[in-house]
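Below you'll find a set of structures to go through.
Next come two complexes, and both contain chain A; in the first it sits with chain B, in the second with chain C.
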Partner chain A sequence: MTDEQQAPDPPVFDAVVVGAGPAGASAALALARAGRSVVMVERGPFPGAKNVYGGVVYGRVLDEVIPHWWEQVPVQRWVVRRSTMILTDTQAVTLDVRSQAWGAQPYNGMTVFRADFDSWLAQHAIDAGARLLTSTVATGLLRDGSGRICGVRTDRPGGDLRARVVIACDGVNSFLAKEAGLLPRADATHMTLGAKEVLALPAGVIEERFGLGPHEGLDIEAVGGTAGVPGGGFLYTNRDSVSVGVVVSLNGLAASGRRPEDLIASFKAHPGIASYLKGAEVKEYSAHLIPEGGYSTMPELATDGLLVAGDAAAMTLAAGIWLEGVNFAIGAGLEAGRAAATAIGTGDVSAAGLSGYRRALEASFVLRDHKRLRLAPDLVLSDRMQQQYTKVLCDIAEDLFTVTNPQPKPGLVRIMRRVLRRHRVRWRDLARDGLDTARTFR
Partner chain B sequence: MVAVCVAPTDLRPEVDDLTGTVRSDLRRADLPAAEAAALEYGLRIAEEWGGWVLVACCGSAAADDLLREARALGAEVVRVGTAPSPTAGPLGPLGPLGPHPVAPGDLAGHPAATAAALAGAIRGHGQPALVLCGDRSGGAGVGAVPAFLAAELGLGQSLGLVSVRTEGVGRLVVERRLDGGWRERLAITGPAVLSVEGAGVRLRRAGLDAVLESAGAPFDVRSPNGSQTPPGEPVAGGMHTSASRPYRPRTRPVPAPTGDAHERLLALTGALSDREPARVVGPLTAAEAADELLAYLARRGYTT
Partner chain C sequence: MGRWADISFEARMATVEFRVSERAHIVVDSDVCRSCTTKVCVHACPADLFAPTADGGILFNYEQCFECGTCYMVCNSEGAISWTYPDGGHGVVFRHG
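For the complex of A and B:
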């Protein structure tokens, strides 16, 4: 008997989920609840160890799968204030929305530490029967004799993991999706770089400085304030720290020759932000690519034996006033898990058998929102929006509230004319962009 | 049986600059380099002696994943300690994977008690042929546990070893640092407690099948009180110093240079050869230092 004949067959799972972030844990949860054997392969020592995000997690997507999730989720603060800022170097126009309803059940958004949140979500999948393999990197796809994907290779000795379906939730720039031919060569145009610092501030100072109650949080999203590099900044409150950072166009960053940490420093020094951060001490620095291209840059979501979800499928929604990623990853992960479970049940895990995934996403908020807002990423990151309109808006607001007595007030239309002329914005462009904006956000 | 004592620790805890308070997150717990080396030595010795490895840990359940990894390497595992209660923050419990208190177990910071508990746990599995530890734990350890452990087990001790190799079954040759750059070589023929530095060997990775098999599998968990036993009688063991001399690394033979005397001299000294002399470039800001490093790597062809 040869060694090959003696070697035991490698275990075959119904599904292998690569990545135990929000998409991966949700996919594993759905599969495990459907009674399927599933293993999550996570490169970090625990779920969330490698993840970065820049804002708020909206948890209502969990209503169906984890009843009363808000009673157990490892939240930092419930966001009751949401500010959208338009910044120039010396000006700020802010739309500040506050709702106490967001601070009560069933809540709206929350700030979390991803190490806590991702671990918590993965633990639900484990409790449902999924298995977790940490500190293990999926290095490639396994294919059977016919070329169909039938598992993944890992970097462990004897590291072939066979499965009927592979769900790639391996994050932005997914190597597995690329290897499967689903993801085209990365295009920097559709990527942004998020870089952030976590700064320690006592909880009491945060609550006093930001006008918050205990457990209440604030999320600031800013357009501009990034030293001329297309993009924006953010600031959100944790329990006893604040996270502050920038999200900038990758091409813009490269062209500027600036460093991400310079841009964070620039954002932190903005007069509209600096006072919030007085006395705060940097605890942590992190950075991550963000796939902001949206609907038009999404890869094929399924092929024979493989599904793609979360950032790996460019599912981060970057639509100006809406900046969401984790909830889209969870929504996509759940649908991927359900579709995979159904396909395994029918015995057809070909692309056709897995096509229910896309149909489910199209029926859910994941692709409906992305499809509706598909023009938003280009619009938000356009030069006019980034460079001209921020200044126009801030100047109009400044002129509107500047009292120049004994001269009478000039009137809004006159101010607009003056400001548009100052920044060389043509009415025709303004009208067209206004129409595009209306069409994008209708 | 070769026993290996470990204490997984958060190797990058946060320290409050003002108060000195240390905050650890045991999800980040890992084996300190010295304990990883001890485990690798233990596995190698057990393979060569035809024995088996017992990994003994004094700590909380937060270390269980790491212990299962050790089990996947073929070791038996015993943990002395209590399961941590989930930390209940002001906003609710964080669940079993949430942050845990600093202490990995009730015995942390008490080397004598830790050693007593470990000794009891080891004896519960048999009489060890050898006990291996890291020279110090990754937390606030001072390296006292191995000595206490030797006393508890009644074994000889050799601490702070830089290399351990077998010379047949039941016989080891070990080397340790002495003051003044000297090294001491010892031959060990009987049961002993050894502590090793985190150098020289790299812990192997467990195979996929073994990891999957060990995931979630239960192992021996004992309470600190239940595992303590009276100190053992001294065991007669052979341990003697075979050499004690200044450390002189082995010479590395290189081909003799060729050519005339001048050329040979140049080859031997490296004089006039094209090289980049060392230069002081600091103090620099972080950004400038990064630029300097990247430029250096690019010049040397590492980033092309």
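For the complex of A and C:
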């Protein structure tokens, strides 16, 4: 009570959400729906202006908050073809999955431009009553006399925003989570760099080249093909362009001496990729960091007066065959907004009062998937997986389909023995990594 | 420009919209950089904003920055690179991110 009497300015908003990306817009949407006053602070001129992603937005998480979202979402293409490629310099082994069910209700994945998608989602929050302040940087946390977080400073003149709860959805570099002591200043070990080109290609050419119908899309995720730098490449189709790029370990990139755009060029020149891109010209080049460390690198998600969601909380799932982020940001943002609304309702916005956020995430896919797949990021970017197993798999596949008449077929076991010896992989390591993989993906 | 480059770096960067701020949001302390043997920022920056100088320091641009954070993350000398976001409404604007 005395604190409130001493404080010169009472909170203007129930909550201030920093960042109007998928996490922030979802948090604001949940708060506004709960009847709470909320403002989103976005440093770009519009939501999505600063954002880059790597392929597919999985929309089912929106079912509960935006009924029939698929009828209004600014989609580029519905992904009906999902290819996972293992690449060496001259080989490719591809698992190509196609399902027409993914191109109809309730849909599975879509390709989007973040400028469109993020603005669309933020508009839903606005329609529900949230306010959006664009072109505004949240430059720091406001604290009351007792040191409790009570809002944010902004770079607007007189731009302090007081609120009962701050939700940091300010992305991979989250300076707010860093200021609160929740994230380390820099963490190159658990970061990857995504670098991307959007290449213009007529819709008809895309559909012919990739075997797609008018609204159908393809997403290729590749391991390798990045000139020996740990990571992989991706290629996905938009309506009349394709997005192609690489995602590489930041430390691997640092050690390699290679330039990011060289790695994109290297991936684009791979014989398994090059023919897809013939005649396509660069429309936009972009780059963004990705927090790929997963569960074990997540910060504390709640402290007094503050919640963290999305990339700011390292919620991107990078688990080899699954690469998802936007859906995790939405799922976490919604729970952050709900937990904040509940805490505001009870009047306890301390870490304890906000602890419902973590409990909700533990019950949802956000932390259940992350916890289950917590060993995957290290496994996928490990030296053996990156340097040896890609070659082993490609050589086994190649030998399996190489006919060396007049010699009879060698048989799979002999091929495997030969290939493992060639790449100096010991059966013991293979067995252990196989077991780890099975345990990780069980 | 790399061996594979099919487009000049200038043309590549010309595809990106930047609303350049008066204020530089990256500040490099070249005195710190002079003792750095790796200068990883020079090749890791996807926008190629860092250039080594003859006296062992670093010359930097901030105008065409993607605001990704690679430079300060890979920098192994604390305090060499001060990095904040550009002022609100400024900096990179991705249309197809």
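Here, the second predicted complex is superposed on the first by the 431 of 442 C-alpha atoms of A that agree within 3 Å, B and C clash if a C-alpha of one lies under 4 Å from a C-alpha of the other, contacts with A are read in each partner's own complex, and residues count from 1 in each chain.
The definition used in the following text is that contacts are C-beta pairs under 8 Å (C-beta built on N, C-alpha and C of every residue); 3 or more make two chains touch, one makes a residue touch a chain.
Predicted, not measured: the structure shown is a model, and the values here were computed from it.
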Checklist entry - Fit or clash for chain B plus chain C once both are placed on chain A? => result clash
Checklist entry - Now for A:Asp378: first (chain B), second (chain C), both, or neither, which partner does it touch? => result neither
Checklist entry - So, A:Arg131: does it touch chain B (first), chain C (second), both, or neither? => result first
Checklist entry - Which partner does A:Asp89 contact after superposing on A: first (chain B), second (chain C), both, neither? => result neither
Checklist entry - Looking at the overlay, what does A:Glu179 touch: chain B (first), chain C (second), both, or neither? => result neither
Checklist entry - Regarding the shared-chain residue A:Glu300, is it in contact with chain B (first), chain C (second), both, or neither? => result neither
Checklist entry - Looking at the overlay, what does A:Val39 touch: chain B (first), chain C (second), both, or neither? => result first
Checklist entry - After lining up the shared chain so the two structures overlap, which partner does A:Arg259 touch, if you call chain B first and chain C second: first, second, both or neither? => result both
Item to check | Broader residue contact with chain A after superposition on the shared chain, chain B or chain C | outcome: C
Checklist entry - Looking at the overlay, what does A:Ser241 touch: chain B (first), chain C (second), both, or neither? => result second
Next on the checklist: Looking at A:Asp429, would you say it contacts chain B, chain C, both, or neither? Reply first, second, both or neither.
Outcome noted: neither
Checklist entry - Which residues of chain A are in contact with chain B in one complex and with chain C in the other? => result 45, 49, 115, 134-136, 154, 156, 259, 261-262, 283
Checklist entry - For the complex, which residues does chain B have touching chain A? => result 14, 17, 25, 27-28, 30, 65, 69, 89-99, 205-209, 211-212, 215-216, 287
Next on the checklist: Under the stated contact criterion, what part of chain C meets chain A in this complex?
Outcome noted: 2-7, 9, 11-13, 15-16, 19, 38, 40, 43-44, 46-48, 66-70, 72-75, 78, 84-97
Checklist outcome for this item: Given the complex, residues on chain A that touch chain B span 8, 10-11, 39, 45-46, 49, 71-75, 115-116, 119-120, 122-123, 131-136, 154, 156-161, 214-215, 239, 259, 261-262, 281, 283
Checklist outcome for this item: The residues of chain A that touch chain C in their complex are 43-45, 48-53, 113-115, 134-137, 139, 154-156, 172-173, 175, 185-188, 191, 193, 195-196, 198, 238, 241, 243, 250-251, 253-254, 257-262, 265-266, 268-269, 282-289
